[in-house]
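Letters A, B, C and D mark the chains as written, and numbering starts fresh at 1 in each.
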Amino acid sequence: MSAHIATKKLYVGIWAALMVLTVVTATVSRIDLGAASAAVALIIATTKALLVVLFFMGVKYVSQKMTIVVIVSGVFFLGILLVLSMADYGSRAFK
Amino acid sequence: MEQQRESAELGMWLFLITEIMFFGGMFCAYMVYRYMYPMAWEAGSEQMDFWFGTINTVVLICSSLTMALAVRSAQVGQRKALVILLIITMLFGCVFMGIKGVEYYGHWTEHQFPGPNFQFAGPDAQHVQIFFFLYWAMTGLHALHMLIGIIVVGFIAYWSWRGKYGADYYNPVENTGLYWHFVDMVWIYLYPLLYLISHKHAG
Amino acid sequence: MATAVVPTVERENYLNAQYGIKSWLLTTDHKRIALLYLLSVTFFFFIGGFFALLIRLELLTPAGDLVQADTYNKLFTMHGQVMIFFFLIPVVPAVLGNFLVPIMIGAKDLAFPRINLLSWYLYIVAGLLMMHCMLTGGIDTGWTFYTPFSTAYSNTKVVEAGLAIFIAGFSSIFTGLNFIVTIHRMRAPGMTWNRMPLFLWAMYATSIIQVLGTPVVAITIVLVALERLFHVGVFDPKLGGDPLLFQHLFWFYSHPAVYIMILPSMGVVTEIIACFSRKRIFGYQFVAFSSIAIAVLGFLVWAHHMFVAGISLYSALVFSFLSYFVAVPSAIKVFNWTATLYKGSISYTTPMLYAFGFIGLFTMGGLTGLFLAALGIDVHVTDTYFVVAHFHYIMVGGALMGYLGGMHFWWPKISGRMYPEWWGRLAALVVFLGFNLTFFPQFVLGYMGMPRRYWQYSPEFQILNVMSTAGSTVLAVGYLLPMIYFLWSMRYGKPAPDNPWNAAGLEWQTASPPPTFNFEETPVVTWEAYNYGEIDAKEVPVER
Amino acid sequence: MFDNFPLWPTRASTIAGNVDALYIFLLIVSGMICLLVFSLILIFAARFRKRKGVPAEQIEGSHALEITWSVIPLGIFFFIFAWGAFIYFKERTPPPSTLDIYVVAKQWMWKTEHMGGQHEINSLHVPAGRDVKLIMTSQDVIHSFYVPAFRIKQDVLPGRYTTLWFRATKPGTYHLFCAEYCGTSHSQMIGEVVVLEPAQYAEWLGGGPATPLPLAGQQLFSSLGCSTCHRFDVQGRGPNLTGIFGKPVLLEDGRTLTADENYIRESILNPGAKVVSGFKPIMPTFQGLVTEDQVNALLAYIKSLSKPAQGTVGARASGEPATGTTPMNQVQ
């Protein structure tokens, strides 16, 4: 069994980081940053998601490289869906 | 055995990718309409209860911690800890669903369920309704995943108690963990996208 | 089976290992599941074909005289949905893929045999639901479900058909997932990626699309159903929605879905050409990577279905530009197949005839795709019979020819019997001629301006429509013939040797039909794919 | 060329020739590719058929060849793309001064409205040699306006306008088809486009009494009460609409967009969606209260307020709003 076993301390640390980020995003949302608000919220959410994926889901210690390829390609194709759809909506105003 | 473990893990990740794309369709709809009707989105988000959303986020993060610790217990073969942690995870899941239920009930009584009975006093009620539709659809789909997750964790807890899993075999525990964390991650995005658009939260 | 002409003591194989209906319905043997799929997709093929014939008969005359307008609309809708979701998408992966993927890589079964059985059951549940929908009123939205017609105006069973397709989608996802994991994790010792038959590369690419694309159409159909049930406006402009969003989400899957249909057949054709030219395929790596390239690029071009739908001018330019990139890997494949023939030792067996037909028809289908990707021309010919002809050249001329070729090629392995060669060649010829007679006139019709989905049409289009209808009856005969002689051969056909074509590939090194676990012992691969040079070098002295 | 060729559609617009030219080019190119591939296959199949004692020669492949047959087609493809895009660009950018005609599609008929107020069902009369712009919307599902002889097609969507322009070259009667499946009588949603010589067209316009579209819009503008808030003399509770058409508008949420047909349409039917900066979202929605024809009339009126030559208030007072290019004298 080659699975990596992380320490309890690490998990608790990640948990604490997630809690802090939740507080940060909730607090920041009360300040009007204009268009940057959404960007900040998404950056924090992505940071949290990365923490979950890398540590809780153990991708950092995963034995198969293939898993990483799978995740990256999934996110990549989601990106294609979002970006190319927006390519239409975003450029409708141009004449 | 090793091959089986790796197959199961790869299969699970592929399944989660399909889940990403499944939710992705709705995120795409969300993004397009938010881009087109930002005011309606802000107005809709103002109707969200900031505290319900935030508390649920905290609950889910805690459940993820207990889930991660449960998988760890399985890896090191601590059966009792495994069962207890799984049950705590389930309880967190139930708390989440309970809060969500209260929240849904509130929206329902305030006619914030899209359809013929939808009511909204402000301008552009039409697109606020689309916000609410996506809110119900996205959180509803998420809640459905939570429900499935709670049931699966329940079964896993039962089998763990029966001693089915140990340090040499814990694929199902691990894959359930992956699923649980994934569902948690969806919420990590839903929370700011639905609850935190408006800057004027009540409370 | 037991009463047939038994030449020797019959070996135990997957067909006679167990008897009884339960041994089939609860099987986890990928070969038996393949046969279950074979029966079910064939059933749906004939349902869809029946609709097609009614459509062609209606179009024999300009007036709408055979069926009512509503009936006609239901016919082409259900023809499309049955043929796409219940025949073309599952056909090659679920029948040939299921049977061959594990054997070709030297495994005992797929990675998840029980999920494989689940896929079939999902397919059957979906199929029954679709049948129920068709028998109790049907659906008339066009297979594309365009909103707001499907959500607010159609009075037919949109939700039920949608649910059927949703479930069939998950069947397809699980098949794809199973194949990806199997190809990654279950290859026999020595079977490196570069030694894999190109059919497996094609199946792998197909699976990628199934896993990534299908969920999007699933959620889109859920949204359509919710909109219909709760009268909310995600897509309905009356309620503030945007109908183009539906089209974006729908085509995000449904364009790559075309590659789910064609890629496996490309893989089949590659195997056939190598075998009957007795050659290693020309440019192995290019053919392999072109499959992956098609799968990836196929996701970047979906809005070329929407050039007149009201998308922005600039996004139309972007999607048109990207569309040309996906044509390159297809061209690479065609050129490599042709080059493989060079200095080969070619025999004209039935599978090879289908392969020739495939290249011809696919080339024409692909080239007319260039017309459609050219913005200026697309504006004129989209939503006309030009499009209808184009996608039938790809999906029937391409995918179905490949499937039939593959069925003939592997029939000895699947059934343990030889099909009658003369009839096979005749049927291949009939299919090819009937197909061209049916669909070539439709290109002309399209450029003349006959819109698709028309129940009545202007009299000047009649001559070409008559030709098309005549062709469709020829085509129907062409499809019935294999069905008949395959059934015939199961009882009366010559027992097949293990390797009737003297072909490379692990599937030919086990018995025909294979034993339940495919191989007596796990094979160890020490040779490259398509080692026809070595095989023939061994054979030649024996022949002399 | 090909004008009287059977199985070839008539060419009756300026763009049709461009489309045909590219089409013929593509036919030749793909014909040549087909010829190349098919004859190679046939030659190889015959030349290298199986013979006793002649084994196949194993060839691994050739990078040079692979690159050749990837790059050359790609080059050809880019050329086709550029040509097709050029035509599309032309088809999608109407010239500045056009004869505007409103088209309303519904299950299952086409209604066309001329600026002079003439209405037609399932038919459209246009002059030859003039640039015509169709401003189209649908009352129910998606339809598609398709005239094969003009080689043009555009989906007609509910809830917004799509536009299409052409210049007819040859007088005659041509097919008008609905090309997007729209339900039971989709195949009967057909009509005719009649191209007339300018003189005959003028005569046709004068055929019957009709209220010019902008005038009808102006009457609606007062009868619906729009004019109580959208005033022209002093600042009302709504923006002054004089000269706003085609101009940028600053919105309440900070974005700027152009007041085009679709924006004006949305502002009538769903005024809360994009409120102009500095105004309160108090305008009631007119969705369900006005028909598509009435929205078109209002739009035509608001557009007429932006034609500088005739002035604005004056045009209203005289009851003859500027319609720019419409031959109004024929209507009088």
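Assume a residue touches a chain if its C-beta (ideal position, glycine included) is under 8 Å from a C-beta of that chain, and two chains touch if they have at least 3 such contacts.
None of the values given here were measured: they were computed from a predicted structure.
Counting C-beta pairs in contact, the chain pair with the highest total is C-D. Compare each chain's C-alpha centroid with the centroid of every protein C-alpha atom shown, and the nearest one belongs to C. Chain geometry summary: the mean Cα position of subunit B and that of subunit C are 37 Å apart.
Taking each chain's centre as the average of its CA atoms, subunit B and subunit D sit 45 Å apart. Centroid to centroid, with C-alpha atoms defining each point, subunit A and subunit B lie 15 Å apart. Subunit A has residues 66, 73-74, 77, 81, 85, 89, 95 in contact with two or more other chains.
Chain contacts: subunit D has residues 270, 273 touching two or more partner chains. Multi-chain contact residues, meaning those touching two or more other chains, occur in subunit B at positions 6, 10, 14, 17, 20-21, 24-25, 28, 32, 36-37, 126-127. If you check the complex, the residues on subunit C that touch subunit A are 184, 208, 212, 216, 244-245, 248-249, 252, 299-300, 302-303, 311-315, 318-319. In the complex of the two chains, the subunit B residues touching subunit A come out as 2, 5-6, 9-10, 13-14, 16-17, 20-21, 24-25, 27-28, 31-32, 35-36, 50, 54, 57-58, 61-62, 64-65, 67-69, 72, 75-76, 167-168, 177-178, 181-182, 184-185, 188-189, 191-193, 196-197, 199, 201. Taken in their complex, subunit B has these residues touching subunit D: 37-40, 122-127. Against subunit B, in their complex, subunit D makes its touches with residues 252-253, 255, 270-275, 281. Subunit D makes touch with subunit C in their complex at residues 7-9, 18-19, 22-23, 26, 30, 33-34, 37-38, 40-41, 44-45, 48-62, 65-66, 69-70, 73-74, 77-78, 80-81, 83-89, 91-93, 107, 140-142, 144, 146, 148-149, 151-155, 157-160, 162, 175, 177-188, 190, 270, 273, 287.
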